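Input: structures, listed below.
Paired with chain B in one complex and with chain C in the other, chain A is shared by the two complexes that follow.
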Partner chain A sequence: MSAEATTIEARVSTDRALMVDRIRHLAETLGIIAIAGALVLAFGLTSSHFLDSANVRNIFVQISVVGVAAIGETLVMLAGGLDLSVGSVVLLSEVICADLTATHHLPLSVALIAALAAAGGIGALNGVLVAVVGIEPILATLGTLLVAAGLAKLILGLRYLQVDHPIFTDLAVTNVLFNLPIMVAVMLGLYLVVAFTMRATPFGRAVYAIGGNRRAARLSGLSLVGITMGVYVIAGVLAGVAGFLNVAQIGLVSQNDGMGMEFQAIIAALVGGLSVTSGGVGRVERTLLGALMVGMMTNYQTIKGIDPPFQQAFLGGLLLAAVVADRALRGRQ
Partner chain B sequence: MTSVRSRLLAKSYIDTWFLLIMTGALLVAFRIVQPSWLNGQTVQNLVIQNTPLALVAMAMTFAIISRHIDLSPGSMVALSGGVIGLVYTSQGSLPLAIVAGLGTALGAGLLNGFLVAGLGLNAVMVTLAAYIWARGLAVGANAGNPIDVGSGLGNVVNASWGGFTLTAPVVVVAYLLGWLLLARTKMGRYTYAMGGDPIAARRAGIDTALYTTAIFLLMGTMIGVSAIITVGQLGSAQATAGLGLELDAIIAVVIGGTRLSGGEGNVGRTALGVVFLSILNGGLLNLGLTDSYFQLYRGLALLAVLSVQIVVRRATDEEERRKREQEQLSAALAAE
Partner chain C sequence: MTKWFPGTLALDDVDLVVERGTIHGLVGENGAGKSTLLKILAGDYRPTAGRIEIEGHEVEVSTPRRAHELGIGIVYQELSLLTNLSVAHNISLGSEPSTSLAVDERRLAEIASRALARMGVTTIDPAQKVGKIPLAERQLVEIARVLTLRQPRILIFDEPTAALGQADVDRLFRIMQALRDDGIGIIFVSHRYREVLRICDRATVMRNGRVVGEVERGETSVEHLVELTLGQKAAAAFHRTWRAGGELEPLLELRGLHVGVRVRGVDLVVRRGEIVSVCGLLGSGQNELARAVAGDVHDVSGEILVKGRAVAARSPREALGHGIALITENRQEEGLFPDMRVRANISVSSLGRVVVSPLLRVIDARKERRIASAVAQRTGIAPRALSRHIRVLSGGNQQKSLLARWLMRCAEVLVLIEPTRGVDVGAKLEIYRELEQLAQAGAGILVVSTDIPETMAVSDRIVVLHQGRVAGVLDPRSSAEQDVLLAMQGGSARAPEAVG
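This part shows the complex of A and B:
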């Protein structure tokens, strides 16, 4: 009888712990929404153009490329890794897609598949280097950053490739959601799918598990290699998709596309309140809020006529503020 | 006792031997591809071009051993250089400008140190933020244009004796001091202790906040000196100075056999890592490759070296383990 009582007690206490955990996550998400809301209010009150529907559309279009790349980056970071190759993969995907359609006149579907395969391939290479060989993620992905950028520039040379396929124009121009174009809908859709995957599937739970405690995850029978590979491949493919959106937005492919995007993606994830010290903590949908906050900051400063380099300096300050706030809220680990 | 000692030595030398062999292979490869490249002039050029890398990598060794990391050096070299340029332009005094540049680097090191050691924030995040804000300020300082500092500083930095400029002795002295600091002082021992187990180090009474800040200040000093040398060599402060310097420095430290998980490593092996990376970069640049091939080869070479290093390490670890198990077994049998 006492054993039964203990089980019930244990079950009640785990239920309570789960509840507390869920409430804490909800409170954190609400807190980040509140900060984003405060930013909207402050920017809206001090600038007459900020809340114009055309400007809101602009902000969403501007963040959609980084937003998609940041989904993959968030997954990698949740699993306790880091991916510096994101920006190069964006470039590689753009170049392959543009080169196959513009230079070799292949159908767009073939070009898209080839670009995604290359992007996923770089992701798989990251996965092998990190999970199988055992190189530190920051160094392995720095190596693949160089390899992917080198390959992309090798194909591109000194050209600018113009891409004027109607599908790309549609992505950036045709409105589907209020006055938001398809590319924004694509980004929001991807967030929905990945957020659901992370919550409701064994894969999502496994990513949190290996990010939280690698040893415990291995001992409980999870395949570290498989999950790490999966996370890096997803990050690669999503960076490839981000490349398509970038082509749609600019209509042109040039050498410096995607440069530094890995850092923008990391910043979006961090401002959204991902805990990187430990891995295994954080929510994909919060990265969207992070990307949105960064996008609003950049947009507001542009409206106010602040030079891009100083905007970058503010962005660094914002990242620091996010890290300090995270520490203040969560306490010392 | 002696057997344990010799085994430890043998194990720690594996990385060094491996690196020396790789460096030799690299030299042979470049020698075959471009026989004229390797001569006395090359060595001098490599030293002159890679002084900032060497200095920053020395301080990075401390940061990595203590289980921290610093991603800000590249941006900070540009920012400190920009301050030198701005102060020189407005005040016209070179010594004042140099002091201001050094002060900027040290101040940034102090800030990073305070945030990491005082507030207990993650060094990756803090220095990533610094990487971003410092580059923003450096580019914004003069709208991205170089700031001329006249020829006074250049005359000192570029003066050469027997082909070597002032930078060669600076690097040698920095590595000697770094070696002394790490191997012979309390700060060095505490650096290993903090990296080996930060909590145990704190419980053992080490003032981890103080020594962590000291490590970031050491980095600040090296950044300041690098900024002065860079500005002097070019005769102007460039907004793009030090681009990618931090990652190169980290690679040099890791190729030198120091692990990012902290607690081990030394300055001498970092020096070897710097030599390897300098030869790789210099040799590839000399081939007159386009940017694309340069990046591709560099990326492949780094991944190859890091992979082989780990495979070699794993093999020796495995051998160690087997030997230890056998010893335990024979000891147990003897006891019976």
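This part shows the complex of A and C:
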């Protein structure tokens, strides 16, 4: 009799707790969308140009390079790591691509493959250093940051290389979706593919598992080395792709390309609501929102004629706000 | 005293009076509200109604620091030590003695040594990093920490014995009794009712956020406590209803197994359908043995055979390939993915089973749901719990989820270290039953446990280790608890009925 009453009570509380759980989850997702919406509204109301179709196009074009790099960064961070080499790999990919086509007159396909191989190779090196040698990700990728940047500058020297292949021009100019160019579509497509992979494949699950609890992941029979290698290689390759998009957008390769892009990628991931401390929590598609928010802010400030140093400070503030919000949300649990 | 949580009423008008110089037991299943009550006393939570009085004065325990000032010290169930810091630093954490410039390292070491000495602990080096010392000794450090309060008036021990071997429990109880005789009020929270009966002067029993009974020492029994906590007739005793018989195929064999210096030449057989327990005092090598079998430690020599074939697993992944799965004593750190849902926690090791096809490695959500639900049902997890994050489940349900993980994986050899640690009575019984069913389904099960009644009830055979060697093999049906205890001390010869 009393046992029966106990069971029913327990069930009621499970139901409610489940609902609370769901509502919080929804609030987290809606929260970031609401903030992004509020930004659009505020910027749109205070600037007559902000919502012009040409400006919207601009914002998307501007974020597509970082946006693609941030996909890989998000994966690495979800697995509990960090990749500081992203920006250097962007540069390395650009330089290889430009040097092989412009200096050595090789076909573009060969150049692209070589660039991606180099980018993936740096990623694999990161993976080996972290997963096999056991170096802290921040140190390992700081090392490869310098290696990749050094390599790129060695090839480039003091030159500016111009790349004017029609495919690159197409990437940046030809519109496919609404009035967005191919490079934006490439970025969105990559987000779609990776978001699906993270949600619905054993690899995606394993990334979350390893980021959530390494020891448990090991005892669960997941391949720590394999998965860790996987995320760093993907991050490398995507940084390589980001390099192509950057070349397409600028048409010119110079020493400073990609510089600091790792931080922009990390900021996009964190503003998108990735858990800062541990890994294992977050969504790739939200990094896109993060990148968009950062892009909108930068764009708005540029329209308003705010100096870059101030923009940088604002970005820092946004990052800290995101981290604090994450703390507050997770601390409540 | 009432505490509302979104969704649940955690505490409902609870009165608890702890007298000076007494040890007061607090018992109840997980989720009964004990932890919430403790967190209120520790200043982690604020009560929504009700008051706290100490020595007749109403106090507000608004923060953990305030609790410390009031002399309320608490030893939490979840180990809360910082593994990167030394024992001494951990003991003085938050109140480090300092010179004008920096932490006073000498005083720090002194305080630590004094606290440890007060407990009669001489084996722990205060300079050692906490991460380097065994789990059970960390618990002692945790206790030493509350002993350094300026004027401890109320000390709360939240399942302090869960990780301790019998000798350490005895030592702890001596310490608690000494503190009680100093006039300190002690609250002792435990799932081990025998210990509550042994050490407590009085006990409060909680169920579903309410006090359902107060019992005096000498007026109650284990059966009575179980009845009170469960709210139903004693399900206390677990009885095996099935045992394997006849010629049994050896599933797991160890021959001359050495692990570092901890395990020194152990032979052991687990046959299909058997549950074999490995017992020993803390540090007798039982945990290392279990981890060696599951590929989790290095420095292993000797032979490990699965179904007669030698295996040398260098990682848990390889061991799983041979059908060997491990559940450790450290569920939070080595078992759970706290931010994943229960369903994903169960299926994480068997994702190959739920993909659309070997070529298209995409998870078929319906297949995952179906198989996970089936194994969850077998282990007694409520279907609706599957969509929740595993961190919000009780210890018992978390442990059942880990069992379900290996059930889904179809592991043939299951190795469990302290399988019911931090698990309430009801869930314990369900876990025992599930182990029996797994054995019946053809698994071989190796249980490492310091809970002797548990091993007596569950196993077909008890292998007792002493200093890394087999000190006896006992049949629980024809042995008494004392035989096991004696063998654990390295005292007894092999029992005449020894099998295996």
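Please note the rule applied: the second predicted complex is superposed on the first by the 304 of 333 C-alpha atoms of A that agree within 3 Å, B and C clash if a C-alpha of one lies under 4 Å from a C-alpha of the other, contacts with A are read in each partner's own complex, and residues count from 1 in each chain.
Everything that follows uses one rule, which is that a residue touches a chain if its C-beta (ideal position, glycine included) is under 8 Å from a C-beta of that chain, and two chains touch if they have at least 3 such contacts.
Please read all numbers here as calculations on a predicted model, not as lab measurements.
Looking at the shared chain after the overlay, A:319 reaches chain B, while chain C stays out of its contact range. Legend: residue contacts after superposition of the two complexes on their common chain; A:117 is shown touching neither chain B nor chain C. Once chain A of one complex is fitted onto chain A of the other, the partner contacts of A:223 are limited to chain C, with no touch recorded for chain B.
Of the two partner chains placed around the shared chain by superposition, chain C is the only one that A:281 touches, whereas chain B remains out of contact. By the touch criterion stated above, A:213 is placed in contact with chain C alone, chain B being left untouched. Of the two partner chains placed by the overlay, neither chain B nor chain C lies in contact with A:102. Looking at the shared chain after the overlay, A:185 reaches neither chain B nor chain C. In the superposed pair of complexes, A:252 makes contact with neither chain B nor chain C.
Shared interface residues of chain A, touching chain B in one complex and chain C in the other, do not exist. For chain C in complex with chain A, the residues that touch the partner chain are 6-8, 31, 207-208, 230-232, 294, 296, 315-317, 320-321, 326, 328, 333-340, 344, 348-349, 351-352, 355, 361-363, 365, 382, 384-385, 387-389, 391-392, 405, 409. Remark: chain B residues 115, 119-122, 124-126, 128-140, 143-144, 247, 250-251, 254, 260, 290-300, 302-303, 306-307, 310-311, 314 touch chain A in the complex.
Looking at the complex, you find that chain A touches chain C at residues 2-3, 6, 9-11, 13-21, 200-203, 205-206, 208-209, 212-213, 215-223, 275, 280-281, 333. Within the complex formed with chain B, the residues of chain A that make contact are 129, 133-136, 138-140, 142-147, 149-154, 157, 263, 266-267, 270, 276-277, 307, 309-317, 319-320, 323-324, 327, 332.
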